[in-house]
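To keep things simple, chains are lettered A, B, C and D as they appear, and every chain counts its residues starting from 1.
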Amino acid sequence: MIVFDNVTKNYNTNIGLDHVSVRIKKGDFVFLVGPSGAGKSTFVRLVLKEIEPDEGRIFVNGLEVNTLTNRLIPKLRRSTGIVFQDFRLLPNKTVFENVAFAMEITHQTARQIRRQVPQVLGLVGISIKADKYPNQLAGGEQQRVAIARALVNNPTVLIADEPTGNLDPDTSWEIMRLLEQINLRGTTILMVTHAKDIVDKMGKRVIAIEKGKIVRDEYGDYGYKEEEAHSHRGAYIGGGYNKHA
Amino acid sequence: MLNSLKYTIKEAFTQLFRNGAMTVASVFSITAMLLILGIFFLITVNIGLAVENVKDDFDTVSVYLLDETSYETAQTMMLQLEGMPEVENVHYLDKDTALAQWTAEKFADNADMFEGLAKNPLPNSIEIKVKDLASAENVAKVAETFDGIQKVGYYKDVADKLLRISEGLRTGMMIIMAFLVVISVVVVSNTIKLTVFARRKEIEIMKYVGATNWFIRGPFLTEGIIIGIFSAILSSGMLVFIYSRVVKSFSLHITWFMDTGMVPVSFMTFNLIWIFLALGISIGACGSIVSMRRFLDT
Amino acid sequence: MIVFDNVTKNYNTNIGLDHVSVRIKKGDFVFLVGPSGAGKSTFVRLVLKEIEPDEGRIFVNGLEVNTLTNRLIPKLRRSTGIVFQDFRLLPNKTVFENVAFAMEITHQTARQIRRQVPQVLGLVGISIKADKYPNQLAGGEQQRVAIARALVNNPTVLIADEPTGNLDPDTSWEIMRLLEQINLRGTTILMVTHAKDIVDKMGKRVIAIEKGKIVRDEYGDYGYKEEEAHSHRGAYIGGGYNKHA
Amino acid sequence: MLNSLKYTIKEAFTQLFRNGAMTVASVFSITAMLLILGIFFLITVNIGLAVENVKDDFDTVSVYLLDETSYETAQTMMLQLEGMPEVENVHYLDKDTALAQWTAEKFADNADMFEGLAKNPLPNSIEIKVKDLASAENVAKVAETFDGIQKVGYYKDVADKLLRISEGLRTGMMIIMAFLVVISVVVVSNTIKLTVFARRKEIEIMKYVGATNWFIRGPFLTEGIIIGIFSAILSSGMLVFIYSRVVKSFSLHITWFMDTGMVPVSFMTFNLIWIFLALGISIGACGSIVSMRRFLDT
């Protein structure tokens, strides 16, 4: 459960979020969409208390995030699986160790780790890369490691910031199926994405942000005017380049 | 708990190994600092010993007796002096022996030059060896109260000078030592700060994934301690090696420039290792904790 | 002009590229597609001599890359504009300075830099972020800075590894129009991408790699079986989750 | 070219500023090392001076004359001795003055104790001050060839000892100094290595964007030099301050434990600043170049 109550976050002069109120219920599957710089990652960062809101209150799993003491922040983050937009893999740890790390911080036994990590790596399809370091992986492989790490603790809330940005359509769909499956098991999922076709085809709740404000919040599609895009090919072929500008 | 401890130690070693170049750089820096401290420590201890030895040469109080004072009176005085706690031993030096010693000292091989002397100008004396140069003055004062003495003499100037020198050396060395320790702490903690700095991204990532501060600190702290231990062993090993070589070459030329011996290697080894381990570990540990603070406190 | 002549690159046991021969003519606009880990970034890295091929020869702008001396590598890289998959912005430089850096290494005057950098920042639409540091930018904004840096020296070859992975459809299309425009001016463009809709609608030459081998090289579309993806929504709505697996 | 130079310098300052914490850490470490070197330098120079001063107290050769040797004969000897290049000055000491001096020294306030002495046991002597303690032996040998002398005496033991001490101190200090310089170079270059290490990603990015190695090196090198200069100024400033305080407190208690003066502050200042600048700059520069090598050579 994620609740934003009139939350504002400014970066000096930049608008991050502007009086945003949102309620995401337990078990929901929500897409967060919007143009570059709209405030999507700001939203995610606020949920994790990576940054503090200027105004308003934020609740995650019943915890009020803004008043959380430093001691309790790890608890918040552990109950939340996170796929960061920039992956944030530990460069000095192998794929296996990166995923295992998320389990180690919750003090799970070596046996549990040895059992569960390969399983999750298998789910995202990078078992054979278990012993590689992040800088030895393709972009999409790193992204899948990040997803595996977010999933490995069976979090009650999963937040994924652009988890398919570096993935080909096939792999993207496999990941989406995985997320759907996890969602069916009761996990709340908030996914930031630009993948219009995925959003359109999944038919889930879509929250659209623009310039820090929520401009749309409904079940359905990405809300991007297809016409213009479609018209592109014809236009170019016809040589009328300036039409797109 | 046990799990965490195992994780922490394993993790620390793994990271030390994987960040090989950085580990080597910091072990070298810290070893270097400890070496400086150690050399200074060795010098200080040896100079201290040398000064003590030199002081021993001047810890004699001479009570010059009047010619009319009998040997028996002198014996009474000596008994009384021997009773004093500050006094090491007491002996009687008759004027003839004194003259012989003096001419031998002053005119070496031409000692016969004084043989024709009509009358020995020197007095009989009681030579008192005090336990500590600093108490010479006290003993002298007591001796002065005796009857039948001409004068009490001791190396007052030399004693004062020596006491001041040893005092001065002690404070000087203390100050420099303290200063060196401060500098070492600065250098070592900066070294560790830079290694932590090189890995700030990792620390942030760990935090964002939900690791508690102590979970993150653990391995870094352990790394700091291990680096400290390594450096301590390395530097005390090198120092003991160097020192034992120096002592050996000294014992060959034992009177090379001073007649005092050196502090024995075994004593030094023992002390160095413990001091270095304590220093290395505490600086290593504090260094990591302090340097991580700014990356952890959000 | 980029020519790969029977190039093989293995990472220890991993296949990077497997006997690949490709000829990209001056002024071409080529999409390089393929699943995650196929070897696309490996291809790009070989072009820039970031890594060495095990076998085969590579030519870029008439230079034989494999035999290039260390002294000449910078020349190769400067004649090539590059958008890296992981952006590779300098963290201690502002957006302006990051772009300016690419000009400074070619010893251009401060005046030229002051004139040209704002212009390129304007083209990719991040002029107002000129004084921000990369860690103060949204993912999509960083990506556009990376594009600006690749463009600022008017390179004869532009290589872009997934340049729209973090961009919303609108911005993506703007970037694509920009690339098209640059291509019309004679710049050879090689773009690695997973954006099926873009590839489909641009109708350019598409080289598809899979497991290090070129499996398709023709003008047209991304070559992804739409059916399966399209079928997804229906399948899920019908509750038949397992059909996707 | 000029453009690049401007860029390099601007860039270096910008980066030093933006990497504030790291810059401070490395300046502190390097300053600390230079301080150690400097303190040791100060101690060495002053001990050297003190030893020279002490040597001055023993650079006298005494030619003891037979009682029958006339003052005129002595004069001839003195003329001959004065002609020797090693000799500083020569004077005649008659036996009465010698006895007076001796009793005054040895029995201080009871000098009258010897007044009743029938015959002065001491000989007349010629006192020769040599320019350098090391040449005392030569002079003594020459004096021994004269007729009418009883014996030639000089502080042979003391002189040998002192020469060996000063020799020993010189080599010892040289060794320790060399050792300290090596250690400083290790620490400083490791410090710079760690700062470069913390920024290896940047270096790689610059390379991938097409910067030449020298274009990348330039600012890092300049940063190293600037850090070196800063540290040199900081440490020599601190040392000069401390040293002038010490000299001042010494000149108050001038005979606190030795009668020798200290090397003047102005002389030290001048030397320290140049030595430190040279050291700081060269280590800073070499450190950056060397540490960057492994990140540049692909």
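The rule is short, and it goes like this: contacts are C-beta pairs under 8 Å (C-beta built on N, C-alpha and C of every residue); 3 or more make two chains touch, one makes a residue touch a chain.
Please read all numbers here as calculations on a predicted model, not as lab measurements.
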Subject >> Set of chains adjacent to chain A and to chain C >> reply: none
**OP:** Please identify each chain that touches chain B as well as chain D.
**Re:** none
Subject >> Approximate Å spacing (C-alpha centroids) for the pair chain B, chain C >> reply: 67
Original post:
What whole-number Å value describes the gap between the mean CA coordinates of chain A and chain B?
Top reply: 63
Original post:
By residue number and range, which residues of chain A touch two or more other chains?
Top reply: none
**OP:** Would you please write down the residue numbers of chain D that are in contact with two or more other chains?
**Re:** none
Original post:
Which word fits how the chains touch one another: line, ring, star, complete or other?
Top reply: ring
Subject >> Chain pairs that touch, as defined at the top of this document >> reply: A-B, A-C, B-D, C-D
Original post:
How about chain D: which of its residues touch chain B in the complex?
Top reply: 21-22, 25-26, 28-29, 32-33, 35-36, 39, 64, 107-108, 110, 113-114, 117-119, 121, 123, 150-151, 153, 161, 164-165, 168, 176, 179-180, 183-184, 186-187, 190-191, 193-195, 197-198, 256-258, 294
**OP:** Spell out the residues on chain B that touch chain A in their complex, using ranges where they run on.
**Re:** 3-4, 7, 15, 18-19, 199, 201-202, 204-213, 215, 297
Original post:
Within the complex, which stretch of chain A touches chain C?
Top reply: 11, 33-38, 40-41, 85-86, 136-141, 143-144, 161-162, 165-173, 176-177, 180-181, 184, 194, 196-197, 200-203, 222, 224, 228-230, 232-233, 236-237, 241, 244-245
**OP:** Show which residues of chain C lie in contact with chain D when the two form their complex.
**Re:** 48, 50, 70-71, 74-78, 80, 82, 84, 88-92, 101-102, 104-107, 109-110, 149
